[in-house]
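Common to both upcoming complexes is subunit A, partnered first by subunit B, then by subunit C.
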Partner chain A sequence: MNREEEIVSTLCTEFPFLHERISIQKAKRIFTNVLRKDEFEQVIRFVHDEMGFWRAHEVIGTDDGENIGLLYLVSGAENIILILRTSVPKTNPVVKSISDMYLSIVLHERELVDLFGVVVEELPDGPSYPLPDGWPKGNFPLRKEWNPEYLNKAAMTYEPPSEKEAKV
Partner chain B sequence: MSDNGKNLVVIPIGPQHPSLDEPGCFTITLEGEKVVNAIIGVGYNHRGLEKACESRNYYQDLYIIERVCGICSHTHSTAFCMAVEELAGLTVPPRAEYIRVIVAELERLHSHLLWLGIACHEIGYDTMFMYTWRNREKVLDILAAIGGNRVNYGVNTFGGVRRDFDGTISSAILKTADALEDEIKHYLDIATTETTLMSRLVGIGRLSREDVIKFGAVGPVARAAGIMDDIRVVEPYGAYKEIEVHAVTDTRADVYGRTVVRILEMLESLNIIRYCIKNLPDGIIAVKAPRRVPAGEAIIRVEAPRGEDIHYVRANGTDMPDRVRVRAPSEANWHGMKHMLEGGYLADVPITIAAIDPCYSCTDRAVVIRSGNDTEIMDWMGLREYSINWYKKQGVDISALKL
Partner chain C sequence: MGLIQNAIDWGTEKSPWIIHFNAGACNGCDIESIDALTPRFDLERIGILKQGSPRHADVLICTGAVTLQTRDRLIQIYEQMSEPKYVIAIGTCACTGGIFDGCYCVTGGIDSVVPVDVYIPGCAARPETILSAVDKLLETLKKDRKKSRAGKSPPGKRRQQK
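After this line comes the complex of A and B, so read on.
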């Protein structure tokens, strides 16, 4: 059994719900399927506290249609990256910050806020990132429905055709 | 400003400031000369590159990705190509893998020489700044000979590389490597014996091993604190799987340690370049890549001059990616900056910031959007017209070139 398989085995033993929901993509890459919020929170705390996964490389946001997908990349001394997936609905995109465990995640979580409109609870205070001051509220550029062509750069307003027509 | 009887002064450094090469805003609170609080503000270079990639095909994206950063452009294009190659099931020819490594190490050389010059400039040691930048020109000349550009060399493509090496280029690289080795060894000698330099760098901007773990720092910042995280060694890729790379670490965990690490890494880069040229495999330099990439996702990491560079690509079976995400090393190194600054002195703020070799463009990646009444906003065609007119004034008419 190689180290990746041992990690998968340990996790499946600790969290039976991971059976057949975690796989080794290739050497040094272990992916989980989409985990429920409570499942995700249990697993990430366990790998941080008990398995030595001390580094959070980033959190990647993806537009999955009705939901925002979140991929958390963590690793430890063995440099095996564990990718934990979770998901939040666009209608209520709330997730808890993991910055209490991983301080290095703060900028990435701020990106989720600005670019995907995810509400990250317990995110430490600080300047927003990376969109500029005066960015039109409710506009999240990395959501698929957001089209840069409708951004009025001079007025800093977002004017999709339907709204323009409504004005007329 | 008064806080519990203390006289505190708040100084904003940036977003435009003589000690910053790119825009960032550091709000420094001082008690006397001592930094008691620092707020790091980045994001001024956000260009929407990731969004742009989603509405263009992979080949167009390659040009965008190479422009994430002007210094480590090859690193980004390598990571992006590797991700697409993994998804498309392409095997890159050995000769191409070696050429990628040679260019990557030349890039590391020019990046570290650039950094060394800036670091010396920040501490008022402008003689060293001029020497190192003179040396950097030799590396840039080689890169221009290979790819036609000083930066954004355009060497990578999906399935291999676009530029082959002939004997002339190889000889020129080896000749430059020999000349640079003497110079870099001289810089190492200066770094380890010149008391002025040491007194400005030793003990400054400390980020201990424990702090690196806490704040997730990468690259020379982590290695200067004894954490060996060189991706060329811990997760070898491409030709690095066949090349012995001696990763450099230090235990001083300060700006001085980061300086020594980078100088020694340049010597190692020279060794790698010589090895690659001596053992450069024969054969083709690229295989044909499909326009449409099978659905899937890939996470690739490579060692940029500043540390770990991660690219995520999610393909949906079309010729355009569903999602591209770039986590450049600078984005990882900002988290520890507040800690590095606090407790230090105002005079050491510029060199402490410079010591992570920050790349703001890399951090922010992603169309100038901010505008005022007096600001002229240029779109792509406007920029092209401006460029054509500029060249006309220099006596070169490129207006006949079609896009």
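After this line comes the complex of A and C, so read on.
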């Protein structure tokens, strides 16, 4: 049994709900299927505290239509990257920050806030990142329904055609 | 006054001082523009000096597409330069916006913000093309000087910012 299989079996014995929802994609890459929010919080706290996954690489956000998918990439001394997937609905995109465990993840979580409109609870205070000053509020440029053509870059306003017609 | 103006024109033409500004480049064109100053290509042998302050520079060398974060800084640096001033856009992104054109945070090429005299395409632009572009810019400077002598284009009012 190689190290990746050991990690998978440890996780499956600790969390029965991971059975058949976690797979080794190739050497040093372990993926999980989409986990519920509470499942994800349990798993990431366990791999950080007990299994030596002390380094967070990044958080990837994806627009999956009605949901926003989140991929958390963490690894440890053996350079095996564990990719934990979770998802939040667009109507209530709330996720808990993992910056108490992984300090370097703060910038990536700020990107989620600015670019996807995810509300990250318990995120430390700080300036917005990476969108420029004066960016119109409530516009999340990496969501698929957002169209860059309707952004007036000189005045920094976002006016879709329906709103323009309503004004006329 | 004419003598002093002639001396300024002569100095600008023989030894233009440059300042480099990264408006949002990936660093590829920055490396190549610094490479043009190294002994192998050696822009300094034709009198070009790199300056740290825009107030001392005649030529603004820009790389990268202009992002919304750098737009105001670019305008500020351009306005700090004294007339006559010239702008060189290095690389495809600086010329047209490149692959970033139309992105939510990019206004386009350098010419979407300040007027550009010389465009150098390429990803990244090679130091040889930068040398060639500087050569062309020097020709422009000579023409401008002739025009200025003939009174066709008074210095300081030649270009308006967009």
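We adopt the following convention: the second predicted complex is superposed on the first by the 168 of 168 C-alpha atoms of A that agree within 3 Å, B and C clash if a C-alpha of one lies under 4 Å from a C-alpha of the other, contacts with A are read in each partner's own complex, and residues count from 1 in each chain.
Please note the rule applied: a residue touches a chain if its C-beta (ideal position, glycine included) is under 8 Å from a C-beta of that chain, and two chains touch if they have at least 3 such contacts.
From a predicted model like this one, the values you see are computed outputs, not experimental measurements.
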| item | value |
| --- | --- |
| Clash or fit, subunit B versus subunit C on superposed subunit A | clash |
| Contacts of A:Lys37 with subunit B and subunit C, given as first, second, both or neither | neither |
| First (subunit B), second (subunit C), both or neither touched by A:Arg21 | neither |
| Which superposed partner A:Arg29 touches (first subunit B, second subunit C, both, neither) | first |
| Partner chain(s) touched by A:Leu151 [first = subunit B, second = subunit C, both, neither] | both |
| Residue contacts with subunit A in the superposition, subunit B compared against subunit C | B |
| Touching partner for A:Arg85 - first (subunit B), second (subunit C), both, neither | neither |
| Partner chain(s) touched by A:Ile60 [first = subunit B, second = subunit C, both, neither] | first |
| Partner chain(s) touched by A:Tyr102 [first = subunit B, second = subunit C, both, neither] | first |
| When the two complexes are fitted on chain A, the stretch of subunit C hitting subunit B, from 44-52, 116-124 or 152-160 | 116-124 |
| Common interface positions of subunit A, toward subunit B and toward subunit C | 130-132, 135, 141, 146, 148, 151, 153, 156 |
| Subunit B partner contacts - residues on subunit A that touch it in the complex | 28-29, 54-58, 60-63, 71, 73, 79, 81, 83, 102-108, 126-132, 134-135, 141-142, 144, 146, 148, 151, 153-154, 156 |
| Residues of subunit A touching subunit C in the complex | 130-132, 135, 141, 146, 148-149, 151, 153, 156 |
| Subunit A-facing residues of subunit C, complex | 67-69, 102-105, 107 |
| Subunit B residues within the subunit A interface of the complex | 25, 39-44, 46, 48, 50-51, 54, 213-217, 229, 234-235, 299, 301, 308, 310, 312, 314, 322-323, 325, 327, 331-332, 334-335, 363-364, 366-367, 369-371, 377 |
